[in-house]
Structure formats: structure tokens, C-alpha cells
Amino acid sequence: MQSTYPAAPELAITRWFNTAGNPSLANLRGEVVVIEAFQMLCPGCVSHGLPQAKRIQLVFGNDVAVLGLHCVFEHHEAMTPVSLEAFLHEYRITFPVGVDAHQDGVTLPITMGRYQLQGTPSLVVIDRAGRIRLNVFGQVDDLSVGAALARLIDEPRPEPEAGCRRDGGCAVPTEASDA
Amino acid sequence: MQSTYPAAPELAITRWFNTAGNPSLANLRGEVVVIEAFQMLCPGCVSHGLPQAKRIQLVFGNDVAVLGLHCVFEHHEAMTPVSLEAFLHEYRITFPVGVDAHQDGVTLPITMGRYQLQGTPSLVVIDRAGRIRLNVFGQVDDLSVGAALARLIDEPRPEPEAGCRRDGGCAVPTEASDA
Amino acid sequence: MQSTYPAAPELAITRWFNTAGNPSLANLRGEVVVIEAFQMLCPGCVSHGLPQAKRIQLVFGNDVAVLGLHCVFEHHEAMTPVSLEAFLHEYRITFPVGVDAHQDGVTLPITMGRYQLQGTPSLVVIDRAGRIRLNVFGQVDDLSVGAALARLIDEPRPEPEAGCRRDGGCAVPTEASDA
Amino acid sequence: MQSTYPAAPELAITRWFNTAGNPSLANLRGEVVVIEAFQMLCPGCVSHGLPQAKRIQLVFGNDVAVLGLHCVFEHHEAMTPVSLEAFLHEYRITFPVGVDAHQDGVTLPITMGRYQLQGTPSLVVIDRAGRIRLNVFGQVDDLSVGAALARLIDEPRPEPEAGCRRDGGCAVPTEASDA
């Protein structure tokens, strides 16, 4: 029944800030992932979306993985990684932020297109099984977001699929190992 | 294990507003109950507590029962039911609000004492089994409240106890009837 | 030319709070007077009008005389002086507040009628010569209020009229005494 | 007596936005000039300083000349004119904004140094005679700003100095021409 939720497409990132690693949804499988899609010069992102993402990070801590997605679809030359880096510093944003990749000649960045985002800010929430459970453009109230996250946090971690994962680990079939 | 949560004491109310009925926790057993304890002349209640209760009512609708508890522990003569009625009208508060009862010569009202509230505003949340799960004085953020409510809403309704309840209904023992 | 401004009618007050005296516009002649007309159960007064009056008191200090006017025109029994006194204490209002008097059988209080106030909150500003220079219902921005007050503060105090005033003082005609 | 106010140094601007002209304090002599000194990636400028400048523009209209001064003293490469242009567009800033010039190898821009600004946002107000009357770093309340501007607006325009000005106009000596 829950299999009707769409699978979350992988992120296409050219550069990460606030992390030495290279986060991917594949690596984060099993976690509840919150993606705050924003542009640094988008007033609604600065006044609403990013502060909400910071509150989520503060309230839910390690129970969710908060990621920023800088998906520039206008004023490209005005919101370069150099400008973004200063922006993240000045606005005290400490969660990992990835720069959405562009295909040559296409205005809309790749990840933004994959998720069919309608604009910025958008809030995307992905469950432990890697499925999109929330994808909202604009403002969404904290009570609703808190409720949605709690429910996803409480869902069981999916059993690893038998066979070998892309990170090299190989799982044997299990029977209700974490029931 | 969950039995360690304290049972929610019954409310002691002298008069209800915004309802023709006479709500009691006994009648509400099985529901998630949110109690906003306030005083009409408490600035923090007007600026934070009551607006949050209205948002809870709006976002969670029939999934929770929101009740106001007017627990006057100072300026008693200034916050009479007559004044409260005008206040509720002017501030567009539509959920049921009960006036906490007083014992002769005791400043603190009865329900406030039973719940050991530290002041107003206080937010009390009671689970479907009639146990106190949240009891916070002051401000609590919407993300946390939303998460707490979602988890309580998702808990199963307790099976009615065999025997006759105070409302006259008699239940036969059941075996995993709503599992 | 400026004589076209209407003379400010005297206040009709049954009781004052926050002052041992009995302020009147006659006594305040020569001062810039700011009157914040409010009702304690009016949400716009609590969220906008009264905080603005407190800011005026803070910023302009002795350069203006801030007065509150509690002009109850609805829910009369809910906003008695007893309730008002607790309200002023809880909301930390320290400027003098007068209770607008009522004529038997008339809903609108007397001062409110004299000033033809359209509702609460209303901001009335009276110049040093006792004339109404601002009379606004609803919200008015701080920049405009600050500008208006500065201009009135900078107007010269009117020379006392020759003859005896109602407070018993008698002035002799002066010639450009404070030019 | 008023001659103790310091003369406002001329602006050093490399590029203007939102104007086809080339504003200078010399040209604006006779006007009340409000300078909002900001950096586009300064959170306090975005949340407080620039909105206040927009309110000043709205409330005082042609009675004051509002100018923005983009004085970048950190993250220089992140706040280029290209980024600023997009910022002004997204934040709906319509008053003229000049980019403060830099001297080679000096971090602090030239105008910022001339005015000894302590940081951003700073609000500078210049009177009709070209003197600095307000120079505040950080937040300043609207009531105070409104009062200050009203007083400067009401000051008489200075008589043109006898002799020839830099714009080519030549004034003859006058005697109390606009008293």
C-alpha cells in the first residue's frame, strides 16, 4: 500500500558545503531525510524556509538528516558557489548544503527537475525506505511538519535487501530481524 | 512500561463556554486531549499559548480534543466568567473553555492544583488511555508539539474495560478486537 | 491659519489609574498630549495600540504626556475598573489611564462621543494650544507618528491668555516673552 | 551653533543601480538625504535596515532622498555588482543604490571609511546644508527616525552661497530671501 509513494530520485550535486563528505540518498537510506530547496536571494527562503530547516535540525537532532539544496533557476550568475558560501556563513547555516547541478543550456537545475519542484522554498521529506512523503512549495506550518516527521521517524528501518549494495556491503536475507 | 505515565486527574469545572455539553476526561477517554491552561489577563497566554491552541485545533481537527482551562490564581475578581465570555468572543476562541473551580479560601484553583501546574500558559496533553504525556509551563515550539500529538494520535485506542462504565455502557471482554 | 484645527474637548473621566492626580486637558494646556483610546479586550489594542503608546512614552519621555482612555462601548460588564486595574498591572502599562464616563442609557461613553472616535484603538494627539492635530482609528505607522509628534513638540508654547485660568492662576499680558 | 555638525563627505561610488543618473551629495544639497549603508549578505540589513529604508521612502516620499550604499567590507567576491543587482530585484528595492568604491588593497570601502561607519546596517541622515545629523550603527526605532526626519525636513533650505557652485550655477548674495 505504501509502495505507492514515489521513489526519491538521487540528488545531482556539483559541490557540497558544510560537510567533508559527499552525501547521497543512497548512503542515507534508512534515515528520514529533510531537503530544504532554496535560493540564497529568494526572500521567502530567507524569512521562512531556511529558519524552519534550522528549527527542524535543532528539534529533531539526529533523528533526521537535514540537507539544503541550492537550486538556482534564475539570476544564475548572481548566486554562484562563492556567494553561497558567504551566505551560509552569515546566516549561520550549519547543515550540509549541496549545489544543484545544471545541464548545459537548461535553466532549471537537474535535481529540481527530477523532483518537479514548483519553486523555492520547497520542503521535501524522504522516508527511511527512500520514498518521497512530502513535497511542498511555499510555506507549511511547523505543527504539520512536526507531525509528519514524527510519523516517519517512527516507521521501522527497512531491512536491507538481500544481495550487495552499492557501498559494497552484502546482506543476507533476514526474517523479521528488527521486529 | 507506559503504565508509568501518571493518570490524568479529572477536571473540576464550574462552568463551560463554547459547548452545550459538560466535557469530562471520563467522557473523552479514547481521545487525545489537549488542555490549554490560561488566564485571560496573562500576556504570554494571549501572545503565545492561546494562538498555539487555535493552530492545534486548525491543523489536527477531529484528531484531538482541544479544551481551554481558565485557571485563575491571581486577580480573581478581575477575571470572572462574565469577563471571560467577552474575552473568548473578542479573541475568536471557539473550542470549549472550562472555568477551573475554587475551594473556599484557596487561591489556586482545584484542577490547577491536581495537575501541579507551575503557572500560565501551560500545555497539557493526555493520551487515549487517560494518562498525562505532556505538561509544560511556558512556551513550547510547534515542531515539538506537532511531533508529540502525531505520536499520541497514532497510538491505538485502548480496549474498553470489561464491566460497566460510568456513562452506563457495559463492555464485554474483547480479544484484540482492533489490533 | 492653524486656528482651523478643532479644539480638543475636555475628557470626562470617572476614575484614573496610574496617577494620584486628576489629569485634565485644561491642566495639560501647553503640553503635547497623546491619547491612546482602547478597550482592554480589544485584540488590536493589545497587539498594536498599547505597545505603540508604550514606545511613545519611552522614546519621547517628558516631551509628551501619554494618557490612556478606556472607552468601553461593548461588553461593559466585562471591562469594569476592577478588571482594568489587573490588566494594566499585567501588561505593565504605567502611563495614566482614565475610565471614560457613561451617560445613563447611552452605550457610547462620553469622551469617545465628544471626539467622534470610530472605534478602538484610536490615537489622538493634541497640540500645546489644546487643538486636535491627529485622530486616527486603527493602525498608524511609527514613522508617521514620530514625525507628527516631533513637529508638535517643536511648536512654541502658547502664551498664557491674559486673565485668570480655571486653575486659579492669573496671567498678565506678555509681549513675545518666549520668542 | 549648528555649524558644529560635521560636513558630510562626498560619496565615492563605482556604480549606481535604480537610477540613470549619478547622484552626489553636491547635487542633493538642499535636500534631506537618508543613506542606508548595507551589505546584501548581512542578516540585520535584510531583516531590519533595508525594510526601514523602504518604509522611510514610502512615508516621506519626496520630502527625503533615500539612497542605499552597498559598502562591502567582507566576502568581497561574494557580493559583486552582479549579485547585488539580483538582490535588489528580488527584494523589491527601488531607491538608488550605489556601490561603495574600494582603494587597492584596502578592505574597508572608501565612503564607509569617510563616514567612520562601525558596520552594517548603518543609518546616516544628512541635512539640507550637507551636514551629518544622524549616524547610527545597528537598529534604531521608527519613532526616533520619524521625529529626526521631520525636524530636518522642516529646516529651511540654506541660501545658496554667493559665487559659483560646482554645477555651474552662480548665485548672487541674498538677504533673508526666504525668511
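In this document, chain identifiers A, B, C and D correspond to the written order of the chains, with residue numbering beginning at 1 in each.
In this section, a contact is a pair of C-beta atoms (placed from the backbone, for glycine too) under 8 Å apart; a residue touches a chain by one contact, two chains touch by 3 or more.
Worth saying up front: this structure is predicted, and the values here are computed from it rather than measured.
Common neighbours of chain C and chain D, by the contact definition above: there are none. Interface chain A/chain D: over half of the residue numbers present appear on both copies, so the contact uses mostly the same residues.
One finds 42 Å separating the Cα centroids of chain A and chain D. Rounded to a whole number, the gap between the C-alpha centres of chain B and chain D is 56 angstrom.
With each centre defined as the average position of its C-alpha atoms, the distance from chain A to chain B rounds to 37 Å. Multi-chain contact residues of chain D (touching two or more other chains): none found.
Taken together, the touching pairs link the chains into one ring where each has two partners. On the side of chain D, the complex with chain A involves touching residues 41-43, 46, 74-75, 77-80, 82-83, 85-87, 89-91. Touching chain D in their complex are the following residues of chain C: 55-56, 59-60, 141-151, 153-154.
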